[in-house]
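Structures follow.
Both complexes below contain chain A, partnered by chain B and then by chain C.
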Partner chain A sequence: MTARSWHYFLFGAWVLALASTPLWGGNYVIRLAITIAMYSALTLSWNFIGGFTGYPSFATAAFVGLGSYAGALTQNAGAPMLVAWLIATIFAGAFAAALGGIILRLKGHYFAIGSIGVVEVARLVTASWGSLTGGGDGLNVAFLPGGPDVVARTFLAAMIAIMVAAFAVTVAVDRTRFGFALRCIQQNEDAADMVGVNTTRCKIAAFVLSALFCGTVGAAYASWTGYIDPNESFSLLMTIKVPVMCLLGGAGTVLGPPVGAAAFTLLEEFFWANFLDYNRAILGAVIVILIFFLPGGLLNIPRAWSRIAGRRRSRKAPA
Partner chain B sequence: MAYLQILVNGLVLGALYACLAVGFSLVWGVLNVINMLHGSLIILGGYLTFFSWHSYGINPLVALPAVALLLYAIGYLIQLAIINPIVTQPVLTTLTLTFGLDLILYNFMTVYYTATPRRVTLDLGIVDLGGIVMPVDRLLAMGLALLLTGLLYIVMRGSRIGWAIVAVRMDRDAAALMGIRVERIYAITFGIGALMAGAAGAVFAMVYPITTNLTGTFLGKAFVVCVIGGLGSVPGALAGGLVLGIVESLAGQLVGPQHALTVGFVLMLALLVVRPTGLTGVRGYE
Partner chain C sequence: MTMPILELAGVGKTFGGVQALRQVGFALREGQIVALIGPNGAGKTTLVNVVTGAQRASQGRIVFRGTDVTAQRPFQAARAGLARTFQIVQPFPRMSVIENVMAGALFAGAHARVADARSAARDELEFTGLAALAQRPASALTLAGRKRLELAKSLAMRPRLLMLDEVNAGFNSGEIDGALALIRRIAARGITILIIEHVMKVIFSLAERVLVLHHGELIADGNPAEIAGHPRVIEAYLGEKFARRVRELQANG
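Up next, the complex of A and B:
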């Protein structure tokens, strides 16, 4: 098996493991599986713009938040749940297309600050537009009928489906000319432009891809929890957590985002359970350690290891 | 007359914004690092001032220099030990690292100080100048903020350290060839950034209640001021701070106080697109 098909195989096994949680785990385990699938979808999305294209986007929370509100408002207006999710997806994508034309002209630090600014503006507008969004009081969404077990299974299936869809698009991008063009932009945008890559269109397309599934996840999250508010939906913590997960797994790779999302979520859960007062500090320490000791992400460990081992071997070899 | 009052309010607020953003701007301009720790450093300065006043009765004006020096030491060490090794990496790495450090500092402050809003109450009375009313402690805070920003300007323009910082900002490699120890200058710059943050926090604690929940707000102000004024220069931060203060003050009056924050950020986004180097900025530094 090639490395690529190994990765697909591992992901398939992981999906089955997550999907089987209702068979062997309690509600807590299912909830954890839903969270992992949700963050995997977000991380895979961010990977299009942040990993493949190399633009430090911190707009994830804006897309998720807008998706939540678009989904919740459509659902409250009487639309069926799946229609609401679809509309939220399209809304997030359209927003990214409009926004991308403006802020993708910025690079590096300015792009980073601009994308954080978008999250802040979205949060402030949502919080002050009380007549539509309920303002700071938040918005209630009708719960799915059928009791906690049915609800948990439904949303597990939904989040896994979104994750698989995001993964499928990632595979498609990875194997096509479009993905190659994005990697060219990441390495040298001017050179890519010179050899005939339409950089503007490619960047906007990557930005839209990074928003679509965030919109779906946001809407699904709103239906799942039944309540959203501006501070939770547009949180700075989330907008930075998602890139960190991607870095943890390995940015710009196919399997890195789900690996990073799973590892990070499990670590965070462990810290919440055991060190309630200091969970944020430990999270911060994990980030610092990650930056210093795992610059290529978890997926890079075997390669880094073989490099170290190789160096040792060559040192032993007689000159 | 009402507009004159708004203008004065805006200037007072703007001087505070300039003071809180100038350190952030310096670090961004010289080190090319977006320092997510800045908001927490401001609150740390504010808390240290509050508790030395509250528990030991030390006048905030006396505590301010001590707090600022302590923050300088903390900033210097953080840069030397943690940020310097990765300072040349892309923004994603440096921003994430400082965000990780921010989570740590924020967590410890919340545990030790709790998030209760606190402020130093000086009770200096109110001054009334022909219909324009202003509490004296705010005027004092404004004066302090301008004094601190001015001092930084003098240091940057008139001392060897300041020249070295400007040299590193202009061309890191050329500065190294001239015998400037770039790593040390980075540590000193980050130290100065932390010092200004601590001093700004001390000044803020005299006029507004501070709590750890404000770290994000302060960081957001620093972003906006930097983008409006341009990076790495003291006059830029001053201009950016005053513009933001006046715009927020006016917007609070014209479209309602709940939209004042939004107006600042929208202004920032618009400027980013139209003029990313800021009002006083020079092209070629980004």
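Up next, the complex of A and C:
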């Protein structure tokens, strides 16, 4: 088995594990599985622009928030739920396409700061435009009928479906010319231009891909919780968490994002349950240590391990 | 006479108050090896930048194979068949040597599929003598190796015109001989070459025509013997002693 097909197999097994939670777990476990699938979709999305292309975007929460509001408003206008999700997806993508032409002229730290600004501007506009969005009072969305069990299963299936779709697009990008172009841009944008890569178009396409599934996730989240408000929808914590998850798993890889999202979410649960007072501080320290000592992310553990083992062996050999 | 492959007319480039290029005009015929020489700061690299669209000409017109390309962007130049190497090499550092070359074949060459690009890249690595290093990371190559990698990447782009910006800078004389042979083999493939160079051995053994740039102006254009005897070139660049040596060398064959 090649490394690639081995990764696809692992991901398939992980999808089955998440999908099977209603068979053996309670509502808490199902909720955890939904959260993992949701963050995996967001992390896979971020990976297009932040991992493959190397542009450190903090715009995730803007796309999620706009998706939430686009979906909720469409649904409240009487559209079926899935249609609302589709419209939210397209809306987030179109927003990224329009924004990308402007913001992708910035590089490095400037791009990072600019993209955080986008989240704040989107939040303020949403909060101020009370006649459309309900302002700070938020918006209610009709609950799905059928009781908590049916709702949990439905949204588990939905989030897993979004995650699988994001993974499928990642695989396609990874294997084709487009993904190659993004990697060239990540390593040396001027050189990429010189070998014939239309860098502007590729960057905007990657930015749009990084927004599409965020829009879907936002709309699905709004339908799931039944209530959204500007502060939770455009959350700065989320916009920082997603890139951290990706770095933790391995940015620019296919399996890294879902690994990072799962590891982060499970660690967060573990520390929250065991250290009520200091959970965030401990989690922060653990993440800094992991990223510092594993620059390629968790996926790099086997390689890092064989390097350490090799060094030990070569130290023993002369004796 | 056939249509020139590249034609510049009245090309100028200003940076603020500095005139880096002034009224530069010349035409290259297909299949020629032409050298572009001049003192440091004469505007040689700026000229290449303007031709490939890395910088936009302030005045004048650039025509490549009958099309006005004055306003093109670098990726369009690459796709049209205008390739260049950099004085300071520009690899994709965390990719392997073969992946670097594949990039040229994928985006500017004739290969849209990754697998086809890989086999085209293998051919170019063979041609430039890098085949044994194909799987190494590009950042692990020596300077001479990186310059060869630049060449292989440019060749994978299937260029009509290749501009070599000091490919021999920093080489020892053995490496220069190797590079000379390689450039001859590239020309034998029918690729027109514009070579920017300070090493006179390279210029006088390779080029059939020499352009001399000084303070952004084209001060001479002729065959190597004419250039070695050109008073303005001697004054601005070569120096009397060196020019005499070159003339003696050429007189002796």
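What we mean here is this: the second predicted complex is superposed on the first by the 317 of 319 C-alpha atoms of A that agree within 3 Å, B and C clash if a C-alpha of one lies under 4 Å from a C-alpha of the other, contacts with A are read in each partner's own complex, and residues count from 1 in each chain.
The rule is simple: a residue touches a chain if its C-beta (ideal position, glycine included) is under 8 Å from a C-beta of that chain, and two chains touch if they have at least 3 such contacts.
This is a predicted model, so every value here is computed, not measured.
**Student:** Should chain B and chain C be called a clash or a fit once both complexes are overlaid on chain A?
**Tutor:** Aligned through their shared chain, the two binders fit side by side on chain A.
**Student:** Given the touch rule stated above, what does A:183 touch, chain B (first), chain C (second), both, or neither?
**Tutor:** second
**Student:** Which partner does A:175 contact after superposing on A: first (chain B), second (chain C), both, neither?
**Tutor:** Only chain C is touched by A:175; chain B is not.
**Student:** Between chain B and chain C, what opening angle does the Cα centre of chain A see in the overlaid model, nearest 10 degrees?
**Tutor:** Reported to the nearest 10, the angle reads 80 degrees.
**Student:** Using the superposition on chain A described above, determine whether A:90 touches chain B (first), chain C (second), both, or neither.
**Tutor:** neither
**Student:** In the superposed arrangement, does A:144 touch chain B (first), chain C (second), both or neither?
**Tutor:** In the superposed model, A:144 contacts neither chain B nor chain C.
**Student:** Just checking: does A:161 make contact with chain B only, chain C only, both, or neither of them? Give me first, second, both or neither.
**Tutor:** The answer is neither, since A:161 touches no partner chain.
**Student:** See if chain A has more residues touched by chain B or by chain C, and give me that chain.
**Tutor:** B
**Student:** Note down the smallest distance between any C-alpha of chain B and any C-alpha of chain C in the overlay, whole angstrom.
**Tutor:** 14
**Student:** Under the definition above, what is the set of chain A residues touching chain C in their complex?
**Tutor:** Against chain C, chain A makes touches at 175-177, 180-181, 183-184, 187-188, 190-199.
**Student:** Could you please specify the touching residues of chain B with respect to chain A in the complex?
**Tutor:** Touching chain A from chain B are residues 28, 32, 34, 82, 85-86, 90-93, 95-97, 99-104, 106-108, 111, 216, 220, 223-224, 226-227, 258-259, 261-262, 265-266, 268-269, 272-273, 276, 286.
**Student:** State the interface residues of chain A toward chain B in the complex, per the touch definition above.
**Tutor:** So the residues of chain A touching chain B come out as 50, 54, 56, 102-103, 105-110, 112-114, 116-118, 120-121, 124-125, 127-128, 236, 240, 243-244, 247, 277-281, 283-288, 290-292, 295.
**Student:** Quick check on the complex: what are the chain C residues that touch chain A?
**Tutor:** Result: residues 52, 54, 73-75, 78-79, 84, 90-95, 102-104, 106-108, 112-114, 153, 157 of chain C touch chain A.
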